[in-house]
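There are two complexes below, and they share subunit A, which is joined by subunit B in the first and by subunit C in the second.
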Partner chain A sequence: MTKLLEVMDLKTHFHTGSGVVPSVDGVSFDIKKGEKIAIVGESGSGKSVTSLSIMGLVGSPGRIEDGKLAFEGKDLTKLSKKEMRKLRGNEIAMIFQEPLTSLNPLFTVGNQISESIKLHQKVTSKVAKQKSIEMLEKVGIPRPDKIFSSYPHSLSGGMRQRVMIAMALSCNPKLLIADEPTTALDVTIQAQILELMKDLNEELETSILLITHDLGVVAEMVDTVMVMYAGQIVEHTDVYTLFREPKHPYTKGLMDSTPKVHMLDEELVSIEGTVPNPLSMPKGCRFHPRCQFAMDKCVSEQPELMELNDNHKVRCWLHEEKEVNLHDLVKS
Partner chain B sequence: MTSLNHKETPYLLEVRNLKKHFDLSEGWFSRKKVLLKAVDGIDLHVKHGETLGIVGESGCGKSTTGNLIMRLLDATEGEILFEGTDLTKIKGEELRKKRENIQMIFQDPFSSLNPRMRVFDIIAEPLVTHGAAKGKQLKEQVFDLMDAVGLDRSYSKRYPHEFSGGQRQRIGIARAIALKPKLIICDEPVSALDVSIQSQILNLMAKLQKEFDLTFIFIAHGLPAVKYISDRIAVMYLGKIVELTTKEKLFQKPMHPYTEGLVAAIPIPDPTLRNPDGKIIVKGDIPSPTNPPSGCRFHTRCAYADETCKKETPIFEEKEEGHFVACHYPLNNGKGIIAEKPVLAERR
Partner chain C sequence: MVKYFIRRVLQTIPVLLIISFIIFSLVFVAGDPVALMLPEDASFEDVENLREALGLDRPFLVQYGSYVVNLLQGDFGESFRFNQSALPIVLDRLPATIELAVAAMLVAIVISIPLGIWSATKRNSSLDLLATGGAVIGKAMPNFWLGIMLILLFSVTLGWFPVSGRGTMLHLVLPAITLGTGIAAEMTRLIRSSMIDILNQDYVRTAKSKGIHDFFVVYKHAFRNSLIPVVTITALQTSTVVGGALITETVFSWPGLGQLLIQAVNTRDMAVVQACVFVIAILVILMNLFADLLYRLLDPRIKYN
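Up next is the complex of A and B:
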């Protein structure tokens, strides 16, 4: 598979009155054509800022300080505003958590979808309308010609998210960024939307970058996972390896504290403490104050993202000399 | 205690045919009455020392149920028997006395704590209001409560905004257990928290339940958290309870088609269990509670529905011991997500 997007050492910082917040601090990864990849993390981990940086939507006081965002060879950080506008919505599209705030309440749904089609493709209004209705049908909206002329407020949350997806996919983007697309939805509706995204990914070969906090959604949806903590990627591997044998204590902690709905007797082991204040990040490994395996080295020196093999990267001193199995480490 | 309002019940709490209808009619002279039947005839009981989970999607009436039991809302019809006393019939001092025994923990720890009060005063407030302690004793009790919920004593002079969501929820819990209540109604207590903090709070609640001999009603929209903490679970849909049973039965062999779909819709945190083909997906949207479907309210989304379901409302009854279902055709081999006999060896 060819690389569609390559993110290299991305640093996005926010310059606030009380200091510099390094929301994204040296993030590198790539997305291949047709791949489904997820960034998992808790609030403040920098997962959303990463996606906004790719879209060029980081506003003041935030700024991309450093790094490269190569999308099919073009560096997105070097593009002018006009060039970026051309690309956004056309080649990279995004859907957000709360579809009601992302839709304009004063325009009909159809108006908003055909607007983006007309903006990016040279077609007549009639063709744009036809295309919009086609898209609405594709995302599973019943009576699409009727919904075309209705307003966002008259639709349910699930329907609105379907409309957002229809709009995002109307120009056949190569990459779809979905920032917590199902967090605001009820669980039966969430299942419908995830299924829809999976189907569309297969049918249209759109790559998907999913931003989420829910390990269940990750396990269900994607091929590759990156776990973020305090602005950095702490673990990066394929979904099966990650769930079978997490190598970073934070990843393991997240898994242990996720309720296991498919097991009868479950134990929830929580990670003690809270996410660090971004204005005063801990020295050494940023996770060390909460880590049960922390050693002297973790307090003084920050680990790099080490490569265990071609497919597995982890930011942790435990594996410096040789790979360690965390499950065994807990037992002993 | 007036004998008029007292009824025999073996349970700590028993709710009989509880209804709450909101009048949404507009204008003084409108002839058409628009009623939102948020809770429309539910029956349930809670035993001393257990946790009853109530789950359901938006608009199912789960929060209204909690508010009714707490008497934050007045019921349209029905009985709420707490230790035999019908809470819907009492008021004034008598209600105040009963309320000492029922407390509530709210979803949003940001809006449920007074931003102008210090932590100490927030936790002390119920003790002061109900005249349970004062002076040195009050101070001691508040510090004991802070220890119990894992808050450092040195934080007692701080204000809520200085705390993270998880810590605020601990303050809310300390306040709720201050009067040593018998029943605590928890309305989505962990929904607003991060996963790693959620588990801290859930574990804390389980610990406190043992320590203080508490009974919980745990209301949430998601099954995962409810499953962890509950002994029995009630599933609500559009103002009615559709199924109520032990959590084991609910996850192993659900009898109501809605429960089957709800359980199947939970994303399982294990990629090896993805099954794209056999997955049950509930179709369609949740109908509006102002205009619920006729007959069985789930029939518009149910894969097994027929003419009977459209016309007749199913009765909520005990189909197997301790397993209540409201369905014309309860599932004989409903698909759960936990195998009925879990293979223990596999878990290692």
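Up next is the complex of A and C:
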């Protein structure tokens, strides 16, 4: 598969009154055509800022300090505002966490979908309307011609997220960024929306970058996973390897703190401590204050993202000399 | 919609009744009207005779009852200064006040909308500081002082505009600016804070993510949303406008309701005072009703049931 987006050493920092916050600090990954990839992490890990950086929507006081965002060879960080607007909503589209507030309450659903179609495809209102209704039908909205002229407030959360997806996909984007698309929805609707995104990914060959904190959603949806912690990627591998054999203690902690059906009577483990204050990141490995395996080296030196094999990278000193199985380490 | 409108109009009846009660009571608060009408050396008998002739010896509520009956017929009593029915005198002055109020609102809108939006989109820039600072000064300047300063500069020194009176468009400029400045200041601050709030909304981010030009993001997606609170406050400002008109009209000898009201108060021409207050109250009620209807046009979420 060819590379659609290459993120190279992305650094997005926020210049606040109390200092510089390195929200995204040297993130690199790529997305291939038709691939589904996820970034997982806690709130404040920098996953949303990564996606906003790709969209060129990082607002003041934040800005991209360094790095390259090569989309089909073009560096997004070098594009003019106008060129970026041409890509946004057209080749790269985004859906957001809050379907309830992400649609403008004063315009009809149809107006908002056809707005991007008219903008990017330069078609008449009539054609745009027809296309919008087709899109609404495609995302499983009943009576699409009636919903076309309804206002967002008359739709349920699930329906609004479907509208958002229809809007995002209306110009056949090559990349769809979904920032916690199901977080605000209840479980059955969640499953429907994920299913819909998977179907559309297969049908339209849209690559998907999913931002989430929900490992269940990751397992359900994607091929490749990146785990982010304090602005950095700490583990990067395919979804099966990640769940079978997490290599970073943070990933393992995340897995252990997810309730599982076959272990309902066991106590749920949580990761000790909290996410570090971005204004004063710990020296050495950023996870070491919370890590049960921390060694002297972890306190003093920051690990690089090491390549264990072709499709597994991890940022941890434990695996410096040879690959270690964390499950065995806990037992010993 | 029509049903709602009818209900709202019906709701104004108790409000008008309360207002009529208040303006009727004014007469009693202001002192004995009979004593005012008769010369100081009038005999006790003359006073009693006139009191009886005017029906002022009847119980308070009975007098109020007949006052309301007269009101319903548009009869506010005679103005003793003009020797004619009070209501036509007031209505005669109404167009001048409406002209001034509309012009002042136009001045306010023309200044405050672009200024409010600019300062919200360029927060903490020098333009923003200038706009918010200007708004504080605009709000703090008393109407009468601003009016006199404008007359001094533009009429007396530069001679660009007439000093006072009504007639041509030139006459309207200075009074409209005087009355409009305070409202513009209030509205600028309101639009700014409303826009800042709206620009942080998720749907504005959605609009940006669609690749829409910043201009349309601000004017199509954000501005209309920010107008909802602005319309409310603007409608409520009607009373401020009328209050300001009292002073502005006096400063510029603008022959409107405000000037008439002040003259009537000074001469204790109670029928005219009452008619003025009543007409102003109706104006304020109408503006609020208008704002209610405007919401429906602006915001589809508002339903009138």
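Quick note on the criterion: the second predicted complex is superposed on the first by the 326 of 332 C-alpha atoms of A that agree within 3 Å, B and C clash if a C-alpha of one lies under 4 Å from a C-alpha of the other, contacts with A are read in each partner's own complex, and residues count from 1 in each chain.
One rule holds for everything that comes next: a residue touches a chain if its C-beta (ideal position, glycine included) is under 8 Å from a C-beta of that chain, and two chains touch if they have at least 3 such contacts.
The structure presented is a predicted model; accordingly, all values stated were derived computationally and were not measured.
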| item | value |
| --- | --- |
| Clash or fit, subunit B versus subunit C on superposed subunit A | fit |
| First, second, both or neither for A:194, with subunit B first and subunit C second | first |
| Touching partner for A:118 - first (subunit B), second (subunit C), both, neither | neither |
| Larger contact residue set on subunit A - subunit B or subunit C | B |
| Contacts of A:219 with subunit B and subunit C, given as first, second, both or neither | first |
| Partner chain in contact with A:268 - subunit B first, subunit C second, else both or neither | first |
| Touching partner for A:159 - first (subunit B), second (subunit C), both, neither | first |
| Subunit B versus subunit C as contact partner of A:102, first or second or both or neither | second |
| Subunit C versus subunit B - closest C-alpha approach in the superposed model, Å | 8 |
| Subunit A residues touching subunit B - in the complex, by the definition given at the top | 42-43, 156-159, 186-192, 194-195, 198, 213-220, 239-240, 243, 253-266, 268-272, 274-275 |
| Subunit A partner contacts - residues on subunit B that touch it in the complex | 57-58, 164, 166-167, 194-200, 202-203, 221-225, 227-228, 248, 251-252, 261-274, 276, 279, 281-283, 285-286, 337-338, 342, 347 |
| Sites on subunit C touched by subunit A in the complex | 201-203, 205-213, 221, 224-225, 298-301 |
| Subunit A residues touching subunit C - in the complex, by the definition given at the top | 55, 57, 84-90, 93-94, 96, 98, 101-107, 115-116, 119-120, 151, 153, 164, 167 |
